[in-house]
Structure formats: structure tokens, C-alpha cells
């Protein structure tokens, strides 16, 4: 920004990111501000691009289970579960009921942990560090439950093609039920705090408005859409897993602001706790997984789940080998990015963090878009090593141009 | 009616409460049964089929020529690459691989982060 | 004889209860604040450096001194270098007026309450300069916010102090303290409780603590006005903040809680007074820590509106109430 320009227009550009305390991951937002008011928002995505989709084409269906899990740290089970269920569809096998129920349980427990995590982050963004610490302390309960079930706190590796990998014993079931009681009590307490605490209301009510029309027009998904009065939930609209049997309510608020987004998530957490309890009490007996032949005939399937952040979409195409020909992921954050730009306009600088956080962004999830060379019709499969060599070679040849191009921008 | 300071009661109750912080490096954390930690490999049971190596998503298992035992090839675990998914444990037909509860695996030297017989 | 008196005075300035004591006590207060803040959040807080981590602020200071000191190319070199030092000196200077070991501060002159009030407003100005000189975008926003917040909190702060001055009919800190000790025989908080609350709230804003840490809001503008400061300069700023903490709590003790006076053995007054001073300031710090762990951060417009809409009217009411009490002859 040139100095003359500042003087002329009295506007100012503030970069938020790629590194900024309000963003937990790397992404660049440029805000044009006049004093404390935000006039315009411009964002650049792609900082966390890792080439996962291309990599997936060189790995077997089994290996991809763990690759997809690592697209996102917070909604790892949603990614893995969605992948597994899409591959099941692709191969034409069905997981046994007990396996499906356990998978659903993991999804719901993950939703609890993700929403509590988000609630803590939201509190931190509005400078309420005490609430942040307390919520994260109580989130440990569900984290250790998941660790007990799966053997890891973050990457559960529970779903596999044809079911789940670990069973839940009766002893474990009691432990989980006990943990759920604690969580229910605490979540209800935090809901009360969020609704009563004046300092939270001052920062969250009537902030980051996204009207229902805009929500529909810009295709917001998940809790962000539900907080703007749009009644969508893949779990109900297109039931998968055990969701056609588990009773639950879809939470919709229509105040369209950050407070609604907070309340939607708190209420969903309570719903998830109730659902998890129902699943545990009605766990069918029997096998937890079916056999899966490693090769899948030519086919293509589009699968979707309701991840904690919204609709998560997987498209997989098989070609008769044990590796997918194409794997495409559309994560909720990408869908929510345009709405968030809309929310930020006209607000205050002070509201940027909480509004940005309001969609529960996961940039590592989002940044997988790849440029496809339309001219070359040849298809080939590269393994990781070839990809690495190619990238080094390409950058040796083109690196300077790329840098120059970026400087021009 | 919104009021500021709803957390006050909760905060004051913390004064007499023990901190929730794990005293981790000083007090060791108990991980639950079934935790996916460092790999334990039993060469006696291994038949050298290479299934673990084929299924490993991270390429952490390499099949190497084996002269000392009767096998043609044996797996070598490079756990600096491992992502502890336990797929090898699942793929192994003879239960030769097991993930233990050991989790403090950081090292200064990559060469040392290998499990080999 | 004269040389010995001079020597004692110099020792008073440098050692006790002057600079060194205040600096050490500032670090202690920071530790106390951090530890309490942590305990309120069910955490441990500083733990390893010294017993229960009490040396942590000192260790932080030493570490920062050893860090690389960067002056950004866009900064005003002179201002950028001078402001941290000036802030430190100014905050040390105000402490000389705070009664610690006796009923009067090391320096005491008629009308020193006004002087102290004036110098404490210089803090705010210096912070604005600090942000302005560093020429960073985040700093500029931080500076704007500091200025706005400054407009908000200084007036209720001064009004609350004025109601004390009215009640004691004096502008000298030592007179205010002796009035509480000898004439009233009670701390002034009994007479002017509202002023005490207003004083505490505005000092939270003065110290830039939650819910009024708007000028350095981490998640919004990284660190606001101090974003470009590093190494020695940052160390000085942080030390100045600690000293400000001593100043704010010390002034609260002097004005509202009867100064460092308390039951003591005759002849050992300095020791006992110091102990009472420490106890009373810790009580004030406890309240401040509790308050700062209780709220979410307000937005800058909400801060200004809140101070002008609620605190200033109440402060004026308090002054009127004091006038009424004087009129009725109660005090």
C-alpha cells in the first residue's frame, strides 16, 4: 500500500494471514478498512495445499483410509468414515449393523469434540480466555473417551472398508456412558453461560449477519446455514450410517448472527450426546466388519456426510485395480468461504476473528484444489517419489518465473 | 436478563480445586489399553509374506533381504515415518506385529528410529 | 551528618522503597497475577523458575534482554528507541509518590496527587507514541484504539480520585493517608465505595487487561501497538507494565484502603507498613485478576460507550454524594 493512496482515500489495508493469531491455519485475507470499519474483503487460498487428491490416486483403497483421515485433524472420522462408506458403495458391499452403529457413534463423539473445540476457540477470539480454558478442559473428557475406544486422541482410524476396526466392550460402554453424563452437564452449563453472559452477547449478538437469502444464494452449509434459518442436515435429508434409526433433532436458529452460530453448535453438542447414549444403549450385536476384496470394478460414486462443519462430499472413481482412478473431496469450509466474506463486510475489525471463526474454518481441509492440465489427454499414475522428482524438476525450470509472477501480483 | 460475570461462582470454586493440567513430563501419563504406540515385532511368528509392507500407507515398512533367519525377506520398520494407524497389525496373518503403549519416541537421529531384528 | 542523610535518601531512592524494591515487587505482582489468572482457569501457571515459578517474570525479563533487538525500516528511529525508556522512567517516577514503608512516599509535595494523575496520563500518551513510531499497520490500529480508550477511561479515573480528594479536602497523598489513619480511623472505601469500583474498572483499562485489552487484542490486531517491539525494548515495556501494576494497586491502597497503615509494633513501623502495603496491594490485585478472568473483551466502541454512559454518571453521583456528606457534616 502506497502512502499517497492512504492519504487520498483514508482507507487502509490490513493483512490477516498467512500468519495471524486469529487464524489457526495459513490463509490470507486482506481487509480494506476505514478506521475500525471493514469495507472490503479479499482472500487468497491455497497456502495449505498438499496434493492429497493426486497422492490418493497412487495408493490402494486400504492405504487411502489413513490418507483421507489426515485431510483434517478435527473431523478425521468424518473424512475417513465418508471415504469408507463411499468405497463400500463403490464395491457393492454393506457393513454389518453393529459396525455401522459404532461408526455413527464415533461420528457423533467427534461432533461433540469438534463443537466444544470450536466453542473454546470462539471464546478465545472474543478475548474470553477463561471460558476457552474451561471448555477445553472439559473437552478432554470426550478426547479420552475416543482414545479409549480407538487408541488415539485425534486420528481414530476406526472406520475401514466394510465396517469398523474395533469393537466396544461392555466395560468400555459403561465408561463412555459415564463420560457422556459429565459432558451433558457441562455442555448445558456452557449453554447457560453463553446465553446469560453479557460480555459474550455484546460481542456475538447482531454480529456477522448472513441473511437467509444470501445463505441460500452463496450455498453455505452445516451449522453456518442452520444458524441462518436454513433447515439442512445431510443426516436427516439423505440418511447414511445409522442416522435413519437414531432419533435426533435438527437445530435451526434464525437470528443469522454469531450468537446463533454459537447456540446451534451448543445445542447440536447436546443432541450428539443424547444420540451417542441412544446408540450405546441400542447397539445391535453381531459382526463389526465384512470382508473386502482389494480390487473394485469400474464404477463411480458420490458420497456425502454431515461433518461437524457441514456437508462433506467425496467422489471416487474406480477402474478395476486396487487403486482409485480419481478421488475428489469437497469440504464444508470451501462452501462456507464466500458466505464468510459476505459476513465480514460492513463489520468492525474487532469482529473479524469471531466472524471468521464463526464458520469453524478448516483451511487444511479446504486447500486441495489442483490445476489440471486440460491439454494433455494422457492419464498416468504417479507415485509419491515420481511426484517429488517432478516437482523439484519443474521448480528448477519454472521457479523463477513463478516467483516473478507472484511479485507482480 | 444478561449479566456480566456469570462465571464468577465457577472461578472461585477453582481456587480450592486441583489444577486440571497434566504434569506431563514430570508425571508420566497413563495411556489406555489398546493405545496405538510403538511397534513391537516378533520375528519368530513372521512368515515374510510382505502384507504389512503392502498395506502400510506411509511406506514405513520395508522388506529387506534376510540371511540370518530362514525367511527370504523380513520387514524393517522405520518408525520415523510411521503414522500409528495399526494397519500392519491388522494385515498380519500371524499376529507378529503389535502396537504397544509406548509413545515417547522422539529422537535426535533418524537412523536410530528403526525397528529391525 | 548531612552526608549520612543524603546517603540514606539515595539508598531510599535506589534500594528501598525506591527503584529496586518496586521493580522486584512489580515482578512479584506479575507472577501473582499470572498465577491467580491460571488458578481461576484451573491451570497451574508459572511453575518451574524458582519456588512455584515466582522468578518467572524475572527470567522472562532477562531472556528478552538477550534477544535480538530489531528496529523496523519503516519506524521512526529516535522515537522508537526513546519511548520504551521513557515509559520505564515515567512509571518508576510515579512510584516515588506512593506511600510504601511510611505514611508518605519518598517524594511528597503539596498537590502531588494532581502530579501523579498527570504523569499517569502520560503513560497512555507514551503508548500511543510507541505505536505510532513503529509504523506498522497493526500498530496504527492499536494506536487508534489506545487513543480512543484513553478518552474513555481517563475521565472516570480522575473523577474517582477527585471524589477522594474532596472527601479528604486535600490534594496531597500523605494528607489523604493521614486523614484516613487519624481523623476518619477508617479506610475511605467505606465513604466512597462507588469511586473505588470505578477506580478499579478504569485501572483495568489503564493496564490494558481483559475486558479492556482492546489496544493489544491478540486475536484481532496481533499485539497492537507493541507488535514491532522486541528484545530490550519489549523488556522495558513489560517492566513498565509491571510497575504500572504496582502504581495502580499502590494508589488504590493509598486512596481507598488507608495506605500502608495497620497494626504494628512501635519502632518497627517501616517493616510492618511494608507488610501491610503488600497485603493490601495483593487484595487489590486479587480483585483485578478475578475481574480480568471473568469477561470477554469488549469492542472499542462498546468500551467508550460504556465508560461514558455508565461510569462517568456514577462518578459524578459519587462526587455529589461526597458533597452531601460534607454538607451534612458526616465527614
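Going by the order they are written in, the chains are A, B and C; count residues from 1 in each one.
Here, a residue touches a chain if its C-beta (ideal position, glycine included) is under 8 Å from a C-beta of that chain, and two chains touch if they have at least 3 such contacts.
Just so you know, these numbers come straight off a predicted model, no measurement behind them.
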Geometric centre: closest chain by C-alpha means: A
Chain pair with more C-beta contacts, B-C versus A-C: A-C
Most remote chain w.r.t. Chain B, using mean C-alpha positions, is C
Distance-wise, how many Å sit between the C-alpha centres of chain A and chain B, to the nearest whole number? 25
What whole-Å value do you get for the distance between chain A and chain C if each is reduced to the mean of its CA atoms? 45
Geometric centre distance via CA averages, chain C-chain B, whole Å: 51
Pull out every residue in chain A that's touching 2 or more other chains. 130-131, 134, 137, 197, 199
Sequence positions of chain B contacting 2 or more other chains: 4-5, 7, 11, 20
Please list all residues of chain C that touch 2 or more other chains. 40-43, 293-295
Complex contact set, residues of chain B against chain A: 1-7, 10-11, 20, 31-36, 54-59, 83-87, 90-91, 99
Could you please specify the touching residues of chain A with respect to chain B in the complex? 59-60, 62-67, 69-70, 130-131, 134, 137, 140, 144, 147-148, 151-152, 155, 157, 160, 165-166, 189, 192-193, 195-199, 201, 384
Give every residue of chain A touching chain C within the complex, in rising order. 12-15, 20-22, 33, 35-36, 123-131, 133-134, 137, 197, 199-200, 202-203, 348-353
For the complex, give me every residue of chain B touching chain C. 4-5, 7-8, 11, 14-15, 17, 19-21, 23
In the complex, chain C residues that touch chain B: 38-44, 290, 293-295
